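Dropping the structures in below, format is structure tokens.
Same chain, two partners: subunit A is paired with subunit B first, then with subunit C.
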Partner chain A sequence: MNERMNATSVLARRRIYETFISPGFYIAMSLGLVLAYLLVSGFVRAVDSSGLAFGLNPLYDLIGRSLEGAFGRTLVEKLFAEGPFVFALYIGFLPMLLYLAVSSVFRFGLEKKIGALELLAYGPADGTAGFLAAFLKDLLLTVIYLAVLLVFFAVTAALNNLLLGPTFFFTLVILLFVAAAVYSYGVFASTLTDNSASAVALFLGLMVFFLIILMGSFTIVSGYVRNLSTVFAWVVKWISPLFYWNLAMQAVEIQGWLLYAVSLVVLLVLGAVVLAASHFILKARGVRP
Partner chain B sequence: MIQTRELTKQYGRFTAVDGVNLNIAAGEIYGFLGPNGAGKTSTIMMLLGVVKPTRGEISLFGERYSPGRLDLRRRIGVVPEKHPLGMWTWMTAAEYLQTFADLFGLKNAGPRIDHLLERVGLAEVRNKRFSEFSRGMLQKLSIVRALLHDPDILFLDEPISGLDPFGVKQIRDLILEENRDGRTIFISSHILSEMEKICHRVAIIFGGRLMAEDAMKSLLSTLAKDREIHVDLESIPEGLTERIKGLPFVLEATQTENKLLVKVPKSGDYRKELSKHLIDQNLVPLSIQEKSLSLEEAFVTITQENIDLFARIGGKA
Partner chain C sequence: MTSKRRIQAIAVVVLLLVFPAVSFAQVPVREEQLIYSILAFNGRDYAGTFTTKQAEAMYLKADVDNFLTVRKTLVYFWPITQDWKTDTSALNVPFEGRLLLVGPDGKDRALESTPYTYYNVRGEYELNWKVAKGPEADQAWGQYQEIMNAYWASVQQYYQERAAYEAMLSELTSTITRLRDEGRDVSRLIEVLRELKAPPEPQYPRDYVVPPAQVSEAFILNLPVGEYSLRFETLEGELMQGSEIRVVVFEKRRAEGVGLEVIPGDKWTRPVESKTPASVLYVDGSADLYLRPFFQQEYNDLYYEKMRQNDARGNPNLMKWVRIQQVPQAGIEISGPGRATQVVREAPFYVEQVKGAALGYQIVPFDPEGAHKDREASLRAFHVPLTAGDRVVRLQVQDKDGQILRSGGRQIRVVRPSRAGILSLILAVLPLVAMAVVLLRRSRVYTS
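Showing the complex of A and B:
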């Protein structure tokens, strides 16, 4: 156990360093911050004396209509109840979440294919140490990025004479837990497949599937999605990080702090269960493709 | 040091390794030979804990071994055939070795890294990105990585393939030096002439089964059907070959330029009788020596016999 912990820590440190010296992290960060900035500045132009009017700004007009179409008006109203920050936080966070998750999934598949994981397995490391290192790296970089977003939004709010509401802070915490569960699904997809392309395809497929199920639980875009979600919702929602994200957001809205805490704990448990499943899959399949 | 009992690996209905029993003693250089697809890689992967056996047992250092035994794995050093460059191209040789030293939990590994790099002649390039290294340099770096944690056993898979003669000699000397220091060496290679030079014992696997496992000399002597004596003469008079063929202990005699090739039964040493016969004919042998079976010939004999056997019983080799 000590050897695996040491190997995990060494590999995680190397991977963090590697991330910092490669451009991908900075590109994802810049993209996230630019999108977040555009949303905050657009919001200022979409507000008049009667409050938020989506039609006043072309960007917000597009956003408002898209979100209403997919999730219904109620969710849109809730999303912008405290100003632009909760929505801008989601949009600003998404590029980094995708970059970290997809790059780790891709890399794990590549390591398996070219024998790098096998080389580590000859020493006092194993496949589990390899994926735990990737998971820890993603989690730590997520914390760093969320801190960057917090500072960025605090400054942007101050410059635009706006305030960060409590929902923003609760959402910030939820995102960390949701990200942990999403990363664990990335690991899961990597252990189930033999190469990078199929691992990334499986991971993205899973996430899209969870998203469709979630959309099905809101007012629906089509009969097909509704039917699909009816059949699968009861089974799938329990293993979907997005279901617990929605539950936690509902808890914030009704100020149900117990439900909020339970949602976060369940997200942690879900991540741990998925990682444990990945460990056993890797043990059974080995580190060779 | 390494023992396997009835080691078996099946992939679906295909049996890659079939009841292999190996016994590798401490301090020996053990060669593991077999043609492609013979079950060599599967056996090695099981010994290294990367692939789980379907049946059978492996014991390392007297303890039962399974892929989860990371404590036993740290007593093994492995030099794989291919060096997975793709992941660490940004690292220098020293950074790469430091990463593995950290993985093994080695404190203050710097002096050891420097010493080992010095030993293989890579000290000058320690701060160079190893993605720029040649095949020979990578092979040496791989050996240094495998030796960092001072393992009891060193596994080498095709350690000299693709190297120039100078590189081959350097690696061979390094292996022999490590063995002299008491390290057990397990080598798998296709370059049989090199294996013959360095291995104390060899095992030959074919069709997933262990066909032979013995000390090098005894294996070659067992497999040799007869002995071949080479005699160098200043000139060969007409009719000599025929007269030699008439000797009671000679099975066959041929000549090439000034060399006489005489086959005799492997049961005895007939050099003295042959020499006496030549001197009696007023001929002076310049040299007389017995040519023993090479490992390559032994390997071909064993594998060919099995291919013939498979063909006779209608199986596939």
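Showing the complex of A and C:
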């Protein structure tokens, strides 16, 4: 066990170093920050004497219409009630989440395919240490990126006389836990498949599936479509990180701190269960495709 | 075909071509359907809706009186407003019988129709709805009729007195003119003319905001929270085909919310609402704000929308705040950097057109004794003066005892696009600079 932990630690450090000296991390970070900047500056330009008027800014006009058409006015009102930061946080976080998750999935699949993982397994490490290292690396870089986002938003808020509301901070914490669960699904997809392309496809498919289920339950509908979506969502939601994210956000809304804490714990448990499943799959299938 | 007929046929074709709007006009298809006509209380007032045959359920608020009738009418979809409508002028057949309701406990119960009326009496604020059932309904209707009859009688009397007054005025005027022409003294008659007063016009009764509706019969549903199954049984004891429907009875999730109606000084006809507690009012500071605090309740978005209009869409996973009524005798505490803390009270204001060719208006304090004599105030609200120099203004809504209401706190922040915002963009591209440095260093390390 100690050997595995040691191997995980060494591999994670190595991978973090490799991430820092490659351009992908910086590009994803910059892309996320620029998107966040556009959303915040657009918000400032969309404010008039009565408050936020989406029509005043073309970007916000598009966002407002799209969100309202799909999810209804209530969601839009809530999303921007404290300002632009909650929405900007989601959008700004997305590129990094995708980059870290997809790159790890791809790399793990590639290492399996070319036999690098097998080579490691003959030495001091095993497959589990390999994917745990990737998981730890992703988690640590996510913490760093969330800290960068926090600083960026704090500076932007101060420059524009905006406020980082309480929902923003709760969302910031939730995102770390959701990301952990998402990364564990990335590991899961890698262990189930034999090559990078299949792993990435499976991972993205899973995430899109979870997203569709969640969006389906949020979409403003009437009639049997809602029932169908609700029934389907009820079955799948228990394994979806997005369900627990939604639960935590609802807890924030009603200031149900216990529910909030439970949602975060369940996200951790979900991640741990998925990682454990990945460990057993890897053990059963071996590190070679 | 004779030449006359041929000409007639050509004329018809030409007419159809000339008036394509007539030949291709779309008339919505009306379909005869059994509907439940619903008069539901939505927490603020009564609103009517109906269930079509496609409706999966009807939605009602718990523990309040809701009125249902079962009828056959023509139903059609109106594409312009994207909703379903009834054509009761062509077909409107109410059914007599009883409703059979199965509750969450699985027990059956029958509901008979009851005479009812509903009305909103005038109070200090909006929420003064009353429902009268059975004999009380007739009593309420009778009371309203009495008030109206008394009013119309006083109107009649007024017109008689007015006619007598005008006749006397005319007679006196002509007598004075005649006597003056004859060179006689008219001072006594002028005194009488001066003392002659026009009769006062009777005031329209102000007892009701919404007067009682004429007493009619309906099934009154006042149910606790839960899902029910409903069907209609005719007088002959037969179940009406297509009358089975689910009834979703729901309750508010929270009730202690305080919202703010925000009326910007330059757009007073376009108020906005700040409903989410802890939300921030971002404005550009170009106009003062006029606020009205209100109590609000939180409901499921889908349920509430469908209660108001059964074919409406809503979001089943979201809760929404719904305005109920203004906070009575409230105060708003205003504070902020560079401002002395003060409590503003509701005051009347008058909207004046800006003088000159320029369009626009300004909101000024209402002056009933001076400039606005014999007029009514345009709005009553809490005035929060704002300037572009303000950065943060904090608001706390107080109740009539001066206690701060929980969830009645808001911040107003004045934001304007500034050049300093570009610093954020520079921050956003900093990682690219870091990347360039790292790549440069890496290439140097590897090349050396």
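Operating definition for what follows: the second predicted complex is superposed on the first by the 278 of 289 C-alpha atoms of A that agree within 3 Å, B and C clash if a C-alpha of one lies under 4 Å from a C-alpha of the other, contacts with A are read in each partner's own complex, and residues count from 1 in each chain.
The working rule: a residue touches a chain if its C-beta (ideal position, glycine included) is under 8 Å from a C-beta of that chain, and two chains touch if they have at least 3 such contacts.
Predicted, not measured: the structure shown is a model, and the values here were computed from it.
Peer 1: Between subunit B (first) and subunit C (second), which, if any, makes contact with A:169: first, second, both or neither?
Peer 2: Neither: A:169 stays clear of subunit B and subunit C.
Peer 1: For A:75, is the partner it touches subunit B (first), subunit C (second), both, or none of the two (neither)?
Peer 2: In the superposed model, A:75 contacts subunit C only, not subunit B.
Peer 1: Does the superposition put A:26 against subunit B (first), subunit C (second), both, or neither?
Peer 2: The answer is second: A:26 touches subunit C but not subunit B.
Peer 1: Which of the two partners, first being subunit B and second being subunit C, lies in contact with A:253: first, second, both, or neither?
Peer 2: Second partner only, subunit C.
Peer 1: Just subunit B (first), just subunit C (second), both, or neither: which does A:90 touch?
Peer 2: Touch partners of A:90: none, neither subunit B nor subunit C.
Peer 1: In the overlay, answer first, second, both or neither for which of subunit B and subunit C A:124 touches.
Peer 2: The first partner, subunit B, only.
Peer 1: Per the contact definition in the header, classify A:10: touching subunit B only (first), subunit C only (second), both, or neither.
Peer 2: A:10 contacts subunit B only, not subunit C.
Peer 1: Determine, for the superposed model, which of the two partners subunit B and subunit C contacts more residues of subunit A.
Peer 2: C
Peer 1: So which bits of subunit A does subunit B touch that subunit C touches too?
Peer 2: In subunit A, positions 21 sit in both the subunit B and subunit C interfaces.
Peer 1: Looking at the complex, which residues from subunit A come into contact with subunit B?
Peer 2: Residue positions touching the partner: 3-4, 6-7, 10-11, 14, 18, 21, 107, 110-111, 114-116, 118-126, 283-284, 286-288.
Peer 1: How about subunit A: which of its residues touch subunit C in the complex?
Peer 2: Its residues touching subunit C are 20-21, 23, 26-27, 29-30, 33-34, 36-37, 40-41, 43-45, 47-52, 71-72, 74-75, 77-78, 81-83, 148, 152, 155-156, 159-163, 165-167, 217-224, 226-227, 230, 246, 253-254.
Peer 1: Quick one: in the complex, what on subunit B touches subunit A?
Peer 2: 45, 48-52, 67-68, 70-71, 73-74, 76, 78, 80, 82, 84, 86-88, 90, 99-100, 102-105, 149
Peer 1: Please give the residue numbers of subunit C that touch subunit A in the complex, ascending.
Peer 2: 54, 56, 253-254, 262, 264-267, 270-272, 274-276, 278-287, 301-302, 306, 311-320, 391-392, 411, 413-418, 420-421, 423-425, 427-432, 434-435, 438-439, 442
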